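Pasting the structures in now, so scroll down.
Shared between the two complexes below is chain A, which has chain B as its partner in the first and chain C in the second.
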Partner chain A sequence: MPSPRYTPADIERVTLVLGMEIHVELATRTKVFSRAANPANSRAGHGEASPPNTLIDPVVLALPGSLPILNREAVEMSMMVGIALGCTIAERTKWDRKSYFYPDLPKAYQISQYDMPLCFDGAIDIPNCDDRGEPDPMLGFARIGIIRAHLEEDAGKLLHELPASDARGSTRIDHSIVDLNRAGAPLLEIVTQPDFTSADQAVAFARLLRMICRFLGITEGIMQKGHMRFEPNINCIISLKNGRTATTPITEVKNLNSFRSLKGAIEHELREQPRRWLEDSIEFGPGTKTTRGWNDARNETFLQRSKEDAHDYRYFPDPDLPVLEIDDAWRESARASIPELPISRLWRLRKSHGLDAREAIALVEERPVAEFFDQAVSRASDAGVPGDRAGRLVANILLQNGAKRVNERTTEQPTDPSEREEPDDESSTLTVADLGITPAAVGTLAALREKGSISAQSLDILFGLLCDPAHAGADPETLARERNLIIVRDDAAMERWCAQVLADNAPIVDQIKGGKLQAIGRLVGNVMKLSGGTADAAQVRTKLLDMIGVKE
Partner chain B sequence: MPADADPSLPGPLTDATVRKVASLARLAIADDHVALYQHQLSDVLKYIERLRTLDLEGVEPLTHAGDTLNRMRDDEVGPMLTNADAIALAPESTGPFIKVPKVIGDGGGA
Partner chain C sequence: MTPPPSDPAAPPVTGAALAARIRAGELTAVAATQRALAQLDALNPALNCFIDTFPDQSLARAATIDKARADGAPLGPLAGVPIALKDNMCLSWGRTTCASKMLADYRSPYTLTAGQRLIDAGAIIVGKANMDEFAMGSSGESSFFGPTRNPLDHSRVPGGSSSGSAAAVAADIVPVALGSDTGGSIRQPAGLSGVVGMKPTYGRVSRYGLVAYASSLDQIGPLARTVEDCALILETICGVDPADGTTADLPAPSLLATLNDPIDRPVIGVPKQAHDPHNHPGVVNALGDAIDAFVRMGARIVEVDLAHVAHGIAAYYLVASAEASSNLARFDGVRYGHRATLQPGDELLDLYCKSRAEGFGPEVQRRIMLGTYALSSGYADAYYNTALKVRRLIRRDYDSAFAPNDRMGTPACDAILMPSSPSPAFKLGEKTSDPLAMYLEDVYTVTVNLAGLPAITLPGTPTTVDGVSLPVGMQLIGRAFDEPRLLRIARMLELAGGNRP
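Coming up: the complex of A and B.
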């Protein structure tokens, strides 16, 4: 029975129901079932830049007689993600054929996992976001259930126009073309429960998942290259003012490979679904699910296929691949190889070191930076910096002196602008861990500063020197002495320099006494010059004001 | 007890099912062959249905016919074919690519 027609005014509220499927391309050296190189690993000397149809072998091309053999590394990487997401790791798992015909799928079936996934029944607590959208553990957590994470093979690429590099003139073609380099690359499919309550939360989860996967070293995580693809399943519950509720049909948006498009697609569907329902009265039920694509230019989703033409995949166990059994020892060795992960680190940096959410994110986003931070803090503590100060000092050094030099070096080598659309998508970004300065040197600089042995300006100079290969491994304190950057704590000398400067600048002293306090800068400068840069500017200022007899 | 006497078993395959299976397998079948396949495929299913007469109480489902376990390899790149090999095997090609008829829409894969 069709429901009566309603108008927007009848709607009391709309509640989002949202779950996600995420495909992660694993960065193994080879494909999941054969020894052809994997384009999703740029370090193996092949990578996405390989010429079309060269990362292939008889298994990839499905030549007669070829047989798949499972890549152990792909299983281990998948187990690590499963464990990080709180999943149970199957004691016994198997491989199934998912059959469909498509030009990018040479075997006419994809090897996947149907009813016995490698990882299942997990959950992850993600920090709530502050009003700038930064995940902040101090604001509490939301639990996202993980239904399963299974390992499968990727398809090749079907292109409908020539890549610019292969086109002589126009890229338009009247046929389609296939590149099988990606075919057979290992793909981890993660399926969440419909636990998300907003687009922002889904995006925060997506970002954290990317951080976790990159931390584990299981993917390069370059969004533009499709290393992570997000597929939100979206519908909503419409509460009407008359007390009735209506549930809209589920829409699956395929293959989103940027956080911006993920957010856009969810927000678009949340706006459109109530409008569609007002128009067609179609509610959630069998056969109503639709698949939509994302139009980046128009910022909207478009219909790809309705469930009536849904594929019948005829899953069945792959007879070429034996069952896989995972014993306790193997599972525990995977668990043991997992480092402290970003969410736990965020919590620690916020709670123990008193950093704000943005600082904490900046320091845990990349594993080399996170580990650099910890090592530097540990060195600073060993050198006598109190525990509650060490984190703050090291964070300041990395996020100010370090970030300044990272920016300088990044602008020296401009990368392809098309690669730079979303700043946090750059996997090959230079970090403070690449500058050449060691964590120990940063820890020592923090300790020198804490003791008042060097000024802020000297710290920056020393940081720069220690990044220079010519000073690699130098002891910061020795270097500071050689450069006369150690603050002179000689009170008699300080007294002498200040007295001399005051005597030489009687008119300025009078101005200051008359209330023109900013004139002190010139006197401070003169004292610094007399000290050969070894005095601390803040101390000089205090001393001068004291001697003049003026209070701030 | 003969399998076809069990009322819980499915009846013979319908005309529509045969046509659907053929279409999923990309097989063109002539109208006058449908009845033949209907009959033959039903016989195959009926044969397999005999398993239902067994008492399988407490028997673990068999997930794989072989008894090999955990056949795996190390993650080391092996010999690969060249682009020329792939192109030579393709019915049609253009430059380094395999050429196929224009395909619209998505494959529903991965």
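Coming up: the complex of A and C.
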């Protein structure tokens, strides 16, 4: 054991060097090399809920004589991600066998891509984050290089206790059992350059990448189900006060499937690596890379294996799979199927519609919501709302009236609590786009509100009605008339309602006269009730104050 | 209808003739099957050419064909023709053992594409043929179920690895059989057993359901007594298969229609390298006779230079072993196949090591180790990648032979002629202790697989060894995906020779 030569006091500064490998499970209908259903697509069958060893066939089981057949849908999805990440798409690509023995790997080799990845040499500009951690394009961008993105197959799962559903009391067994449902599911492995400067930036990238992938419809992106798994490669450059620098060995932390663990693992290593170096003096060099796991309960990483016991994977081209040629037409059709992506939309919502970062994120996170928003804004503009107001009005409607109803419906449904532990891992797919109201109706509501034809309360009532299948397709303005929700500009009626409310609430009127101005709210409410919601609350308030004879 | 009495002296009936007689109502499918089963019962105890037989299913299936004929239903081109399949081909009934302890009790849940096409054409699969373990061997002696004997001399091997398929056809148990050819495993046993054996172009026949030995080289093909039967079988089994991405997406060729159209003045290439001083005199003689026969037919004989053939064996045994080490890794005792009984304290690694050490025979273990070494980090460049370079050079040699040579002023070859092995059938045990001598059996066949070309072996002039007349196989190699031309030339040689021992 070499004696420590430096102490913490000798360290001037520690610089993080961080790159990432990200595994994304593609939501193809069938597995990447067979026709068995893909558990990562919950619409193709029962998804991850399928009973063990039911999503299998001779190819998945690696039965003698079976052969892999490439799933073109998986290639197309991978190309879309590659294009979204600014990668070059290979004209020729191939698959290689990566050999090792493990019971969850039926062929004893994984079909992967070694030296001719499908996508390579990309880069993506990610917005810098505000102090709440929200990516905000107005704060500028950081460029993250993408080394490659390649398509491979997933392994199955090795279990050391019985699944709870099979246990009949005890889950303990004296052997291991294998579930091959996930074996052969398509995995896209994305490898970045070591361009990250902080754990927060890495997390922001991870969240944006998830958003982009879900936007492209290439993964369900449910973190708890392992649809996205992060493997940061971390080391540090330690600058010493004596002018020397030391580079610590690279640590790869495997299989992080939450943003919280990703952040925790990076921060832990950033703290621990300088301490380890002070202890053992081991610096970056051949054979020093280690692989570590993540202990979620203890919030720290632990050593899995050092390079000495690394596998020799004996890569060689899989002779069962012909070299794949990708022509311009195929590549361009993948390119054409890519919609405007979240980062560009964030920029547009911030810049053209004046929304704040949090609002903008909420409106671009899910593709149906983002498209709903654009359609509603377009309708509002057509109905005469000025361009700079339309986005604001529609955003308000979606984020207030819409979000309220999404929450109501979500809490009505029993949800799996294990899926709701991390708020940033929202797996519920219910959005404002699923409520039943159409983007056109929202645009029209925005226009009615802008013209002052309906009150905020009426808008909320109408929003609710338009979500009801009974009113599907109804014209919001006609509906408003039928329900007497159009603002009444009849001053006589207003005068009458106000007078009645003032007469009925003499004690409150006295309080207001005595200076307790906030009590006016109850009176406004009473007038609104009398008006059946057709009055405009702001007008009512002014009128009441006027009639009481109090100035604000 | 009662079957006509079997005449032991009658010449064997070909598959094509059998199918014609059954279609014409001169013979029932049941009678044809009964004859095959009777031959099998009589001869298999001595020859050991079958691992598993299906008498009941075969007769039941033959009866349905006879009924279909009686009902006036259309019959397939192979209706009622008994056939044997090498036991590395998966059927959804019986066992698929690859002649290995590892799979001694393995039952496949599905049927290979080529087998299904035979069944759909009316063929009757009477049994699974013995073979070298996992198709690794050139004599049939590496089978876990014991060696197959050459029907022409029981002290000699029938060749391998499609030993049982060759012997079953040579012994007139079945008119046709399927074998698989990775480095000569159809052609070499066809040559040693005196039958016709054909390896199609790589990609011509689906490998789905063929237990892989070396995926980039394996190809299923027919063994039969005539070139016509080979064409008949190949026409039935060939063509693109959505379950095998390496099958060529080309229209299935019509082979029988043109078979008897001779090619006018064909150009036959004879490699310099075919005149090897190590060739058995009988092989030298047979090659000379075949050249003479072609000359008499008006062929132009040109010398071609397959300069890299000398490195063929080395390249083949690296490429094939490398792929085999990967293909056979799945036999780990976890999901199916032999699993060792573990002792207290044994771990996962012991399960793998013991199951594989017990389940695989010595030749299979030798190739797995060789292939693993050839792919290992630090050695892959020296061995596997160098072998791939040699493979490309061998391909180029053949490409040159099949293109006009301006410098030499020679035209493009229609086919290349050479022996299918350097010597006639050898004695059981003669080469088992010397793997390298066994590997050299394949010197004339492996390069064809490395180049992916079609080739056919047919009986040449026999030779007499120790007072026994033994067959000598002559091999014709064709252009990629030009099986019709290759078969026409083979048919010309067949008609000229009449070389059955």
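The rule is short, and it goes like this: the second predicted complex is superposed on the first by the 488 of 552 C-alpha atoms of A that agree within 3 Å, B and C clash if a C-alpha of one lies under 4 Å from a C-alpha of the other, contacts with A are read in each partner's own complex, and residues count from 1 in each chain.
As a convention for this text, a contact is a pair of C-beta atoms (placed from the backbone, for glycine too) under 8 Å apart; a residue touches a chain by one contact, two chains touch by 3 or more.
Everything numeric in this text was worked out from a predicted model, so none of it was measured.
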item	value
Which of chain B and chain C A:Ala499 touches, first, second, both or neither	neither
First, second, both or neither for A:Phe316, with chain B first and chain C second	second
Dominant contact partner of chain A by residue count, chain C or chain B	B
Contacts of A:Pro64 with chain B and chain C, given as first, second, both or neither	second
Touching partner for A:Tyr109 - first (chain B), second (chain C), both, neither	second
Partner chain(s) touched by A:Arg97 [first = chain B, second = chain C, both, neither]	second
First, second, both or neither for A:Ala472, with chain B first and chain C second	neither
Which of chain B and chain C A:Ala456 touches, first, second, both or neither	neither
Overlapping contact positions on chain A, where the chain C interface meets the chain B interface	58, 61, 63, 69-70, 99, 101, 103, 178, 312, 314, 319, 321-322
Partner chain C, residues of chain A touching it in the complex	58, 61-70, 97, 99, 101, 103, 106-109, 178, 312, 314-316, 319-322
Contact set on chain C toward chain A in their complex	89-90, 96, 98, 103, 106, 108-110, 112, 207-212, 214-216, 242-246, 322-323, 325-326, 329-330, 332, 334-336, 348, 352, 372, 375-377, 380, 384
Footprint of chain B on chain A - complex, ascending	23, 28-30, 34-37, 44, 46, 51-58, 61, 63, 69-75, 92, 94, 99-105, 110, 116, 152, 154-155, 158-160, 162, 166, 173-180, 187, 189, 254, 291, 293, 304-305, 310-312, 314, 317, 319, 321-325
Of chain B, residues touching chain A in the complex	20, 24, 26, 63-66, 68-83, 85-87, 89, 94-103, 105-110
